[in-house]
Amino acid sequence: MPNLDLVVNEIADEMRQRPDRGEVATYIPELARVDANAFGIAVIDADGNVAAAGDSDTSFSIQSISKVFTLTLALGKVGDRLWSRVGREPSGSPFNSIVQLEREQGIPRNPFINAGAIAVTDVILSGHQPREALGEILRFMRFLADDPAITIDKAVAASEQRTGFRNIALANYMKSFGVIENPVDFTLGVYFHHCAIAMSCKQLAMAGRFLAHEGRNPSTGLSVVHRERARRINAIMLTCGHYDGSGEFAYRVGLPGKSGVGGGILAIAPGKASIAVWAPGLDNAGNSHLGRIALETLAKRMGWSIFG
Amino acid sequence: MPNLDLVVNEIADEMRQRPDRGEVATYIPELARVDANAFGIAVIDADGNVAAAGDSDTSFSIQSISKVFTLTLALGKVGDRLWSRVGREPSGSPFNSIVQLEREQGIPRNPFINAGAIAVTDVILSGHQPREALGEILRFMRFLADDPAITIDKAVAASEQRTGFRNIALANYMKSFGVIENPVDFTLGVYFHHCAIAMSCKQLAMAGRFLAHEGRNPSTGLSVVHRERARRINAIMLTCGHYDGSGEFAYRVGLPGKSGVGGGILAIAPGKASIAVWAPGLDNAGNSHLGRIALETLAKRMGWSIFG
Amino acid sequence: MPNLDLVVNEIADEMRQRPDRGEVATYIPELARVDANAFGIAVIDADGNVAAAGDSDTSFSIQSISKVFTLTLALGKVGDRLWSRVGREPSGSPFNSIVQLEREQGIPRNPFINAGAIAVTDVILSGHQPREALGEILRFMRFLADDPAITIDKAVAASEQRTGFRNIALANYMKSFGVIENPVDFTLGVYFHHCAIAMSCKQLAMAGRFLAHEGRNPSTGLSVVHRERARRINAIMLTCGHYDGSGEFAYRVGLPGKSGVGGGILAIAPGKASIAVWAPGLDNAGNSHLGRIALETLAKRMGWSIFG
Amino acid sequence: MPNLDLVVNEIADEMRQRPDRGEVATYIPELARVDANAFGIAVIDADGNVAAAGDSDTSFSIQSISKVFTLTLALGKVGDRLWSRVGREPSGSPFNSIVQLEREQGIPRNPFINAGAIAVTDVILSGHQPREALGEILRFMRFLADDPAITIDKAVAASEQRTGFRNIALANYMKSFGVIENPVDFTLGVYFHHCAIAMSCKQLAMAGRFLAHEGRNPSTGLSVVHRERARRINAIMLTCGHYDGSGEFAYRVGLPGKSGVGGGILAIAPGKASIAVWAPGLDNAGNSHLGRIALETLAKRMGWSIFG
């Protein structure tokens, strides 16, 4: 078994030197001004050992990675009834496609494309005030990461809200089919804010531990979800976690993972480790370019692929 | 660790008694007349122990399961150059959709939808006579299953060839984009015949062993493919192996698998076992209804899900 | 030449007796409560003679028929530059489809599908206050119909605004591509209100006269648009005026026409007459069922088809 | 009324001098080697006067223009029952799109896209030998053009047959839905051959006369179809005759017309004239570039637009 600390540091070194860094998202100024050379990685194994390197303490906008946690919360609230509002098949489309919604009567294909995540947020909101729902999500993140300092980047949320016309379109489109139950503004308000949660690699890897260990935090022994639910969330991460690059990620990395447009990826090595990487440059499918390569390298050197 | 023999026999009993059996494929008479009550299962573990129950020695038409093996052969021939002719993303469409091809210039999304498998067959054919290519595929199946008695059901192949207008359309459509290089009739001839290979669950589970054990047959020690290639084929099986029901299969079963319209499924528990089930009734997505349930039960009872 | 008055009265009688009346739109209560048995027709010939029958003086919600007049206004404002914001090809899709927008970068196919009409409204608005733009549209309708009593049904506009999620989606979607320049709420406010203009068949036939007579009102001699522009607006009405039933309307009626979900249709017999019919029940494509049949009968009896 | 002869000669002069000539089709060598500078025009008025200029006696491959005549024949055979096999709505797609077929269960949108024309050919074939069906089509063309010298360019037909993979795909796809009843090879054989009919502008304008004159040849008085059918064929030509450029043609030219990839266009001025133009260079939508401009000029100078 290779030494995890060594491997993690090697990877950070290798990534720092690569000239190919992808393209930083520019659709809002708050993301555009992030340092394209940043790179962070944090791995927490079953015993709670943390191997980290690079900018692993720097907060970044977790964006769509938050969808893993809102999915977990929504399943906790309504259980399998969630699946009448959102599917769980890969989409074969970009993250913000509206075409699929028209073909399938407003039901998003899975909870990780934007439309699906908005529908999941609507389930969490269900009748509460946006402020309350957002508070619940934030408390859940702080609990999972065991860190009360986690906050929302209000400037990011405000920018998203001001320019997120395509998400507004998706939400209204679903509303026209009755898939969104709350006022669209409320649901989107919560959605834009939970995507704007800022976390470091270390915090994120900590928050993902329950997915690597049968639904429990192996250090505290606290159960977050049943084993089967953790397993199923991992399955959805594998098939749908990287939009139209999910097949590629499974093929190359071989771990369940969820990416965000801020350049972060949360990956799970079941039974072994929770992993977070961050590199702001994105590939064509909108996933962190170096983040994916770092995870591919890590999975290969540690022998962690779930595919043998 | 539960007793595998016991679990396999329990599952066969439970499946035999279920009233919900799905719908047997009727598009050709040879498939339509298969006994809807048939059920077979065979599991071969790392030590070569075979646990089998039900109709595990009865031959059935493996149909699309053959695509796992033609993919393996084609990768052996041309390596990663294969990926210029076919993608590896889930399709978000039924198995025989032609829409995606128009959007993506004739390049099929993955090697397991019909169009992709036809393109893979075209790579294996590449300049040879159909008879030679077919011989190569058949020899490969016999080698993997260690059984020279495996044959092609000529009546099935002839029926497919006579009525397979949609596959003829797919092949000609790809030909119009230059994705098919051989005469369409040649490529389709080989395709229809390798889909008509008849095997039992025991033979099929034997043939799949290299995918469960890092590319090697653990009994003979013979290597079929490199470890990384076996892993990657498993990844494609997981994300694309059940057409537009792939997300569902990953979510419920949690194992790489490939289904066929004859009612068979080959599933891989990496490091643990190669599994074949057969139940002719299909669900809405065209995958074996009881086959999927049997695998879900097996994975749960044995703790074999790759997702933790 | 048959007697126009006689023909118009015969048609009104025949329509009154037909049992097949289509389905009245029910998506807002104001439309749902309209009398399904209502039928009106008004035809104004080149000499200004008015032949009318049935409920030809009853006001109804002109809805999408207003798009003919906003198109005329927008062309008056920006001329052919309009065509960088909207196409002029039939859509091959329902009136409110969003799929086409994704495929064509947010540019609506033509000015008569909802997305296209919203883009046209945005051009009219361009920097003004919604109230001013709406005033301009209303003044134009009153001028054309020579009737200062024409007004907007505020209850209809308010209902549309409260429930028009799909139109909100379309507008935001175009905004995300930069096709909408004003605040979405402003543009949609004007759009919902001009669709809520209430007119009778007589008023509507009067307003359409310039399209039948080379751009001029033949009674007053006043020019509204150049001859070529009138001709071109007629062409767009023929190819796109009935959404995905435009081919059917051209095939059966053979006149340029524009329908509205309130059950009205404005049709133009170039050189001969301006025609308005109203029958609230709709066919599957969302066009007035009896309105189309009445126009088909009128065109046949009068020999007015433009196709010979 | 301007002098037709003069106008026709002016147009030929103007077209000869234009530098923008579009792109000659190159998908088969027989079309690729046609002179890009060729231009022909022939107009036959109600009295049988022929105004012609340029290469109006040169034969060219009429290609899709033949679809107007096969539609006429098929309607003669089965009447309105034809419309259960093919629609009559504009497609909103390129001429050879297969996407629409999947969405609408194998029923082509209209008889002028390739799929629709193949379905129409299948109706004409219905149980006969290809040779007989082809003979019938050819005899019909010779009768209409009053010229027994019209023939099929066998080299063109052979080239199409050898390389027409997309049409083979379309036909097999429809066959999979049961929309094609004859063996696909038979139907396509007839289709490729009738598209390869070679005619001059003069012959083509002669053949189209019945559409301009209520279904009859005004010189001989012979009736080809009922008045209503002629009118309806004109309507389909207007809404669907130029593929995804049909709206543009209606907008600019204002006459029913049908284009062919060989560079020809047949246009009808109802009650006034039958018109054929030929200029081999095509625009982006696959229609004759100068042909359309010539017709736009002709319609404007003669005041023949059907839109007023």
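First chain written, first letter: the chains are A, B, C and D, and each begins at residue 1.
The definition used in the following text is that a contact is a pair of C-beta atoms (placed from the backbone, for glycine too) under 8 Å apart; a residue touches a chain by one contact, two chains touch by 3 or more.
Values in this document were obtained by computation on a predicted structure and should not be read as measured data.
Chemist: Taking each chain's centre as its mean C-alpha position, how far apart are chain C and chain D in Å?
Modeler: Going by mean C-alpha positions, chain C sits 32 Å from chain D.
Chemist: Please tell me the distance, in whole Å, between the geometric centres of chain A and chain D computed from their C-alpha atoms.
Modeler: One centre to the other, that is 55 Å.
Chemist: Please compute the C-alpha centroid of chain B, do the same for chain D, then give the distance between them in whole Å.
Modeler: Distance between chain centres, rounded to whole Å: 47 Å.
Chemist: What positions in chain C touch 2 or more of the other chains?
Modeler: Touching at least two other chains: none.
Chemist: Considering only which chains touch which, how would you classify the arrangement: line, ring, star, complete or other?
Modeler: Ring.
Chemist: Of all possible chain pairs, which ones touch?
Modeler: Taking the chains two at a time, the touching pairs are A-B, A-C, B-D, C-D.
Chemist: Residue numbers of chain D touching chain B in their complex, please.
Modeler: 97-99, 101-103, 165-166, 168-173, 175-176, 184
Chemist: What does chain A use to touch chain B in their complex?
Modeler: Per the stated touch rule, the residues are 87-93, 100, 109-110, 211-214, 227-228, 230-232, 234-236, 238-240, 244-248, 250-251, 254, 256, 268, 270-271, 300, 305-308.
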